[in-house]
Every structure is written in C-alpha cells, then in structure tokens.
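Heads up, there are several structures right after this.
Presented sequentially are two complexes of subunit A, the first with subunit B as partner and the second with subunit C.
Let's look at the complex of A and B:
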C-alpha cells in the first residue's frame, strides 16, 4: 500500500513538473513582458504601445521564427515604481520566473530601472528600457558587457542629449524673444523640481546659459509635488526674467504652468515639462498652460518621417490620445524586435544581440542606431542628432499642442536646415509682448 | 518682498490652520490621533472633481455634496473602525494609517494616478502693491476665517461646544457630570472630518489632485499641531501661521532651497519642542487635565 502511495506521489509530481515546464518547450508565442507603473500615464503608455504592436504583428500572422510563425503574447506587470522600487523588482522577478517571458520592455524611474536591469541580467533576458534617461544604464553595458549586454535603451535618448536639445530650443526661443521684444539680452530663470536627475542639468545650464549670451538671474527648486508655487513665481517675476527654463517631470509641472499662466507672468516657459507633453495638460491647467513649450517625442500633425503619422494617428484612433514617449514600446516591438528575430531565426538572446547591435532602423520618432563609446565598446544607447533621433519642441497654442522645433534648425555652421513636416512658428505669449514692448 | 512673504504666509498658514484645528479637535476631545485626517481632505477633493467634471454639477453644490459625503464617511469610519479600538492609542494610530492608505488605493483604482484639477470658483488675480494674488486665494483665506469664527462660536456659545470643551478638559469628570461622552466624541469626529472636507473643498481649485496628495499636508499638519501643543486649538492656529510664514521666508530668502521649506518648518518645530516639550500652548503634564 505504502509503495502504491509513493508511486502515485511520484507520478503526480512528474505530471506537475511537465505541466509547469510545458510553456517553455511547447509555446507558439513570443511572450513579451511589459513592465511599468500601470496606474500612471507612463505605464499606460508602455502597455498601450505594446498592445498596438502586438495587434499589428499578430494581425499580419505573427513573427517568422525559423520555420515557425509565432504570435506575440503580452504579459502585464505593474512595477508600482513611483511608490516602491521593491515592487518593481518583485514584478520583474515574477514575469521572468513565473510568467516565463522571452523578453521585457518598459520601466520608467531610473532608480527602479537600475534595480530591474540587474534582475533581467541575472536571468540573461533581453530588457528594453522605455522610460529612464540616465546614462548609467548604458554605461554599465560598456563596462561589463558580458553581464549587461541584454539591456538596450528603447526610449528616450539619454539625459546628456536631453539637456543638449533643451539648450538648442532655448537658444531658438531666445533669438525670437530678442527680436520680438527688442531686448539686448535674454534673462533666464531656472525653475527645476528637486530631483536627482535634474541636478546635472542645472550644473550644465549654469555654465551654458552665459555662453549662449543670456543672463542667469536665479535658480528655484520647488518640491516635485508642490501644490502652491506662487511664492516662487513672485520671486521669478521679481528677478526680471524673460525666459523660464523649466525642468519638471512630476505634478509641479502642472501647478507651475497653471499658476504662472493665471498670474500672466511676463516670461516664456521653455524646457522639459513632462506633464505638458500629455493631451490632458490643457484640462489639468484649465487652459492656463497656454504657450508653455516643452521637449516632446510625438505631436499630432508633426512628422519626423513617413512612419510618424500612421503610428500617431493609429494610436489616437485606438486609445483616444496622443502617444507619449513610453508608448515607444510599439516602436521597439514592431521595428526593432520583429525584423531582428526574423533575421536571427531564433529567440536565443545570444544570437539576437549582435543583430540588434548592428541594425539601423527607421521608427516613427526617427532613425535608431545604437552607439559605441569612445573606446569602441557597445553602449546600447541611442544616437542623437540630425538623421537620427532629435525629439521635438512642442508648444501649447490655444488648446492645441503644436510642433515648433526643429524648424529651420541648423545643427552646425553650414549644415543643412532641418524642418519636420507640420512645424508652425513659435508664439510669444501676448502678455509678455505687452509687458516688454514699449 | 516683505509683502510677498506676508501674503504667502497668510494664505499657507490659513490652510494649515484649518487642517490642524480639525485634527487637534478630535485629539483634544477623544485622544484620537487620526492620521487619516488628510485622507478625508483628499477624498473631498476627488468628490468635487467627480461631481463637477464627470457629473456636470456646479462647483458650489459639488462642494456641499462633497462635505456631506465625506463627513458621513468619517462618521462611518469612526463608528465601525476607530471607536472599537479607541482606547488603544497605538492601535488607533496604526489603524488610521491603514485607513488612509486604503482610501488612497481606492482613489487610485477609480481615478488612476493621473494628475487632475478643477476650475477655480473665481478666476483671475489682483495686484496689491505689486504682489499678484489669486481671487481664489483670497476666497480661500476668507472662507478659512469664516469657518474659524464659526467654530469658535460653536465651541463658546453652544451646549455642544461646552460639552466638547468639557471633554477636552477632563473626559472622566465630563462623563461623571452626565455628558454622553460617546455621542460628543462622535459629533466631534463629524466636525473634525467636516473641517478636513471643507479644506479639501476650498483648496482643490488651487491644487493638483492625485491619490497621494494627503501625505504632504499630513506632515505639515502634524508639525503644526505638535508645535502648537497637542489638543490646543489656539496653539494649532498660531502654529499654523508660524509654519506658513516660515515656508514663505524660505522660498523668498533661499530660492535654491525652496524645496527645503517643509524641512525648515519641521526644524523649527523640533527647536521649539527642545525648549518647550509640550509645544507652545500644550499642557506640560497629562495629570493637569
């Protein structure tokens, strides 16, 4: 009797083992883990972009992997990384070990992505970062290629390029201000949320603003979640600034834009305001965010290339809003993964990585080419510049987000002018003109 | 700059005062440290958003509806959750933290983490000696003063107010004198949560809604209450303005350290407590009650 029970237990255990191992060897789908803060706009972007990509790829029959057609199957994981980095690492561990995904896309906060990156590397899973901008994520690849080669940056380009683009946009607006207001030099106030990622940008701005022929009149650092910035606004106004260089990724971006707009502060806002990149900004500021300018990736009516409009309009039709940059999960899956897997004929990361490293491919935001560092080591970081990714400068004009940069932009002396399709002229707020124009 | 600091300090101080007095009231009467106090403020703000933006209700009726709903919610929470554990102060403390987090998660579920806002009751601003002041801020300031006067009249001129003050002085003696301690505590909870809801209602057009908006005011409110002396309404009122002006001073005098305004305010609280552990208007020994 005992022997029969033992035999039964062994059979049961074997059955369990086979069932749990089944997806690993009998799957007809490519499991893609989509990880992000799913209760927030950023996570929704991750998921929506990936959903659109999966629908498009599966609608065409799937991905040709060797002799087999495989469908894309998405696995959603809420990283909750705004509140708890540990939740993010747990979610990453779960989708790899329990859901057995083949690769992962997503992540937003650098602090969380660095931790999630390590877990993905432990399991040798390809992880495409679609949110965090810190260079360290890719510096790790160059420094320890054997361990970190499974990580690629999907979007946005790194923060060094972000700040470079900001300065170019500031210079563009500065020239317009000088001409429109008839002022000899533009005075700039920096208003930047208190966050680690902002600190290097402030240091760079302190050095670069005088080089652009502008005068830095003060730096204000409100909290990321400040609900009243009227004291800061009063102080900025007192400084006589013509331009406010904003660096906001959190809710303070709405507070500042709304209150500065309502108080008709005679200074233009240029820089990064993540909340202003979203369709909901106009409603969130109750229209007071008019004329706010921010760096962005997508804008309805603006085309970096022929892939932009179909993606943006398709996204708007499917989800009712303009995609934000975290929706670039679409870009990676459709334009990055599928061609690479089809070329490799396998899902084996070791064979896929060399193909991904060498590919140069067009996406709705521009052309992607992965960089190497000065020593020729792979960084898996995105190339910035004309012909590659540049991002956009967008401005809110009477309830509509419009593209204002690059518009006749020359990347260097003698270089050809770059203007994306759908660009419109930058507008100086009328109350600013009224305040300075004598 | 001086006028900037005065205006800014008065407005911030008034909002702190409204929150802190509600918190202090229920602590003084029932010894309940209600950490969920600012979560009720958050719920009121979301109620107004829901009624005005989703249901098309006017802002004034939405404010009243929000205050009534949140007060009712507070009373339910008190009756079924706080009252059974009332005598165990640590349990109340932890329980109300859990309650606040539960409310936050429910809001996150219904409204997601998106940043939302509602329009001002009065749009625009006016300039006072070069300082721009929102009409909404002025309205908020006026509303806060009105409510504080009404609260003072209630406490000083009504039988309920007398009972509340008796309870705050000495619960046991009040009980022996025939005051229905349970009922007074319940009424005080209603007033306290109602004040939180009112604060949410008047502040919502000036702020950004998200499910975590209760945390920041909680810290500053606790600081105000401790600075003024736990349970002292006068202390909360004065403490609120001290911290309001401190914050304004930091922003105007140390622009790069504007994010430190909360930390400086908390440092002042610590400094006062070192010199006077019971707070500015607190009672030195529990036995004195």
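Let's look at the complex of A and C:
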C-alpha cells in the first residue's frame, strides 16, 4: 500500500513538472504577456483589461497579420513586485523565454518596472508599461533609443502631468469657492499620507499654492493606515482652511473622509484620494465622504469621447466594477496594437515601432499621441493636455460618483473650452457655505 | 610528470578516504558537480537566471549563518550588508566607472565598514535587544537613501549598471564559482580555531572571556566577515540585476534570509546554501499555481520546520550519518563500528 502511495506521489510530481516545464504551444496566435501584481487590485486591473480586449478582438475573428488571421492569446504572470522585485524580473524572463510571448503589457512599481524594462529590452520585446508613472522610464528611451525603443508608456501619463492636473483642479475649485463664499483668498491645508512618493508633490504644492493666489496654512502627514485622524482634522479646522489638498493612496483616505464628514469640517477636499476612486467608497465612509473630490481616470456617465461609454459599461457588466487605470491594458491592445499590427502586416518589433510612434489614436480615456522631448528625440511617453489625455476630476454627490472636471476648462488664455460629456457642476458642501457665507 | 602523478594519487586517496566514506560529503560533491555541469544539459536563460540568483542568495544566507548561527549574534537586519554592498557597488560602477571585478570587492569593503559601525554599538546587547536593534539599521539606511535621492536615486534606485559579464552563461559560471569558493571559505572559517571561538561565544560568552579571549574582537570580526560576504552577494546582485534599489534594504529581505537559514539548518553553512537552492527554485516552480503560490510555499516551510525543527539538512544528515561517541568522528549510519577508533556505534 505504501509503495502504491509513493508511486502515485511520484507520478503526480512528474505531471506537475511536465505541465510547468512545457513551453507554450506554437500556434497561429499573438501571445501577449500580462505582467503585474496579480494578487492586488492593480494586477487584477491589468488582467481584466487584457481579458476584455482579447475577448473583443478574438470575437471579431482576430488580428489580420499579413495574409493570416491571428487570435490573441494571453499569458498571465504574477510579478509580485510590491513584495519582491527579484520575483518580478524572474516572471518577466519566464514569460519571454519560456512562454515565448510576442509582447508584454503591465508593470506597476517603478523600481520593478525599471528592472523588467531592461530584461524586455535585452530580448528586444515590445513592453507597454501600464502602471508606473515615473518619467525616467521614458527618459531612458530618449537617452538610449537603440536599446530602449521597445518600451512605450501605455498608462497613466507621467507623474509631472499628474501633479499639474491636480493643481489645475485645485485652482478650478478655488475659483468656485471664492465666488460662492465671497472670500478674497482661499486658504489651503495640505493633508498627505506619510509616504515617499508624496514628498515631491508636497514640495511642488508649497511653491504653486501661493502662485495660484492661495494661502498655505499648514501641512499635516497622517500615517497611511491611520484609523483616527481627529487631531489632524481639528488642527486643519483651527487653521481656518477653506480647502484641503489631500494626497492619499491608502486606507487613511477613507478614515479622513469619514471623520471630516462626521465633524462637518468647513473645508472642501480636493486632490488625490485613491479610495474615493473606488465604487465602494460611499459605503466605506457610510455616506460621510459626500462632496469629496479626487482625480480619476474613468467615471460612469462621463465620456471623453464616443469610445468611453462602451468600454466603461462593458467593463462594469463583465467585472462588476468601474475600471481603474491599470485596466487600460484594454486600450493598448484594442486601439494601439491591433491597428498597428494590421498596418505593419507583421509582428516584427522593428517594423511595428515606427508605426506606433507616429500613430495618433482615440482610446476610451482620450487621444493618445507619443511625445518627443525638446531635442526632438522619441520619448514614447503619453501626451497630456486638451485634445489628448487629461484624466478626470470626480466628486461624490449624494451617493454617486460624478464627473466635475474638465467642465468649461480653458487650458490657456484664448484656448477653446473643454467639457466632457456627462459633466455636472462642482458642488460646495452646504455646511461650508453655511460657515463662510455672510 | 611525477608531480602530476603524485597529486592525482593524493586526490584519489582523499576522495576515497575522506569524501566517499560519508554520504554527506558525497552529496556536497554531487552538488558541486551538478552546478558546474548544469549548462551542459540546459542553457535556458530562465533556468540559468534562477540558478544565478540562487547562488547569490546562497552566499547571503550563509553569511547570516556565520554571524547569527555560529556566533549567536542574532541579526534581524542582515539586508543592511546586502543593501550597502549593492548600493556601494552601484555608486562605484556608475560614478567611478569601475568594472564589476573592482566594484564588487570594494562594495563588500563598504559592507565591512558598515559591519563595524553596526557591531560596535551592538556589542553590549544580546538576544532580543540585539535582534531588534539590528532590525532598525537597514530602516535607517533606507531613510538615508530616500533623503539624498540625488546620490542614491531615491525610490528608483541606481540603474544602468554594467553587466556582470557578456553572456548569461558566463554570468552563471562567475556567480556559481564565486558562491562555491565563498561558501567553502565560510565553511573553513567555521571549522577553524576562530570558528570554535565563535561557537563558544554563542554557548557561554562569560566562560570564553574567563579563558582570556577577547570576545569583543571576535564578535566584531564576525560582524565584519559576515558583512563582507553579504556585501559580495549584494554587489553581485546589483550587477546581475543592473539595479540597486530600496528593495535591497527592505525588512522582507532581512526576514527571508532568516527563513532560508532556519529551513536549511543553522550553524552548518551548507544548510542555508542548500535551503536557498531548494526554496528559491521552488517558488519559481510554483508559478503554475499563481493564486496559491505563496501559501503553498509557506506550507512547505511550516511542515519541514514542524517535523524537522533543527532544519532540513541536519535532519537528513543525522539520518544517514552517526557520530562516534568516543572520537566524535562521523560515520555512515550503516556502520556498526567507528571507521577511525573502531568503537561500537550504538
């Protein structure tokens, strides 16, 4: 009996070994590696977006590559990059050399993406970054085009534009406050979680807030996972701030919104609150997050163009939630890859790259055009601004996330106004009006 | 010609009388041959990558064993030496344009200095207090890394380092040979008179001091040696990955090395090395089951430690070898009498 059990165990182990050791079967398909932290919401976004894209493309018969029609085949790779950068590089090497993918989409943590980028470049594989926002990833393309030309940024636009958008939204709300409350100058308090990525944003905000004609009254830095922020809220209240510039990526975003709502702090919240970008924010704050505003990529009912609604509604129908920006793997595969491959008639990276560099195409988030730097060198970075990608400003209004920016936004003096379809006016919380209106 | 004959005969005699008589030594010999001959059977870049990283982490794990296992200086912040080695190597390579053969040893020397800096304030601490204090050091250095991003690259780290060698195959041979050499040196140190003093300090420091031995000097030496070897692994890692980032100093890195060492069996040197060569590829093997990969990995470790609390390799060694109660020489478990003193092995 013991020998039979042992034999069974050995057979099982051999089967596992064979399953894991066999490379992907060669077939008439385009193999797309989807790499990301699959046990986290970011990786799930990568995979969901790619899955939706593959289903849509294959449903239409596939991609016309020369005379052949090829289906999209996805290969999932868990990079585990939040916990282990080495793991991420191993996953990248595995999908390239073992699974033999034709191109890769994904990546999130900048340190890991830099290391993964090098591996993809070693094998001359097109790698579309769909998560990391640091400019360095694209600066490498300009500095060493021969080596790094296979990298393109898929989403989001780089962090410098992210900060710029935040300040524009802040200025927009500031103007509304001045008009509604009849105050001469808006006082701003910065409340940002204690995290490294936030530090440059605070430094930038310190410089920009006075330039926007506002007064900075203080900076508070609660822990990312704080469960009580009443001391910070009391201090903000004491400072007389009209506006709170929030920078939260973690659970403190819920705590702060809930407690500030409970205390009816007479100041509006603007900035980045990742928790407020999620559908579950209203329930998590028990409705106390009313009137919180944050930057976001997608919002149900808001359309940057005619492609937005079908994507957002399709995603909600398929996965039961509004897409996050890492789900833009869909965008690249459907609107970026397929037309480029069909035009090139080949999967050869050397022929695809010039086509991808020159293309300008609509996506659900806006129009994509790849930038060049001041010296005219290719950056493979996303163009930000009116007519291209801008992101959204969303506000929670009575249990619903609505789009409030861009709404009659003028990027410069004399420039045309921009308003996305489905935008509604920004609402100042009634208790703020009550506190300041004379 | 006669000299070659002499050495051939000597090697044969050593193999016959010293290696082939003990299964543990045969296993080590097989391990040496396997890693050296592996590329003859497969040159898959992915397989070689896993083996290169296993070799690098094997040095790192063995260096922890030298300090915490042998000397008993419980270090929960060993990533400090790894990270300092990686960052120093990266800085020397990027700014001073030193090639890997120069930047890695110099990076390891920086880790030695770090060993001294950490070792001196930690001399008066023992047990939990020492463990918690050492845990703080990589976090402090991580703070410094983020405080001076112009030098350290901040959250991005330092990237674009020169390659270790020109090809993956040469990367493999370089790291494997360095690993075998460095781990053999650590094993030799552990079995030398210095190693005996390290052992004694762990067992009873007061008694060692009463014997007229300067324990302070030996403890500092352990910190420096361990720092040097961990620094070499950090330097190799930085050049292989072509990036030295904050992840090299993270707390998870410090705890992973403890897991490897405890899994393989501490106070052995070969235990942590063997553990890395099992656990690191195992984690890769489990990629076919992504959702439960980490869970399955944790269960394997827990089961091993539950049934083999001394670690995997000491357990296996005790199954296949026995120690002579009279002369303390090890014998194959099937022998009835000691191969040296012929005492009964019951």
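Methods note: the second predicted complex is superposed on the first by the 411 of 438 C-alpha atoms of A that agree within 3 Å, B and C clash if a C-alpha of one lies under 4 Å from a C-alpha of the other, contacts with A are read in each partner's own complex, and residues count from 1 in each chain.
The rule is short, and it goes like this: a residue touches a chain if its C-beta (ideal position, glycine included) is under 8 Å from a C-beta of that chain, and two chains touch if they have at least 3 such contacts.
Note that the structure is predicted; figures quoted are calculated from it, not measured.
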item: Three-chain arrangement built on subunit A, subunit B and subunit C clash or fit; value: fit
item: If touched residues of subunit A are counted for subunit B and for subunit C, the larger one; value: B
item: Touched partner set for A:84, first subunit B, second subunit C, both or neither; value: second
item: Subunit B versus subunit C as contact partner of A:235, first or second or both or neither; value: first
item: First (subunit B), second (subunit C), both or neither touched by A:204; value: neither
item: Which superposed partner A:39 touches (first subunit B, second subunit C, both, neither); value: both
item: Partner chain in contact with A:93 - subunit B first, subunit C second, else both or neither; value: second
item: Subunit B versus subunit C as contact partner of A:196, first or second or both or neither; value: second
item: Overlay on shared chain A, then closest C-alpha pair between subunit B and subunit C (Å); value: 6
item: Common interface residues of subunit A - those touching subunit B in one complex and subunit C in the other; value: 39, 83
item: Subunit A residues within the subunit B interface of the complex; value: 37, 39-41, 44, 82-83, 193-194, 218-223, 225-228, 230-235, 237-238, 251, 254-255, 258-259, 262-264, 275, 280, 283-286
item: Residue numbers on subunit C that touch subunit A, as the complex places them; value: 44-46, 49-50, 53, 146, 154-157, 159, 241-243, 245-247, 252, 283-285, 287-288, 290-291, 293-294
item: Contacting residues of subunit B [partner subunit A, same complex]; value: 1, 4-5, 8, 11-12, 108, 112-117, 119-120, 123-125, 131-132, 134, 137, 203, 206-208, 210, 212-213, 216, 247-248, 251-252, 255-259, 261-262
item: Complex interface listing, subunit A residues touching subunit C; value: 16, 19-20, 38-39, 76-78, 80, 83-87, 89-91, 93-94, 97-98, 110-112, 114-115, 118, 134, 136, 196-197, 199
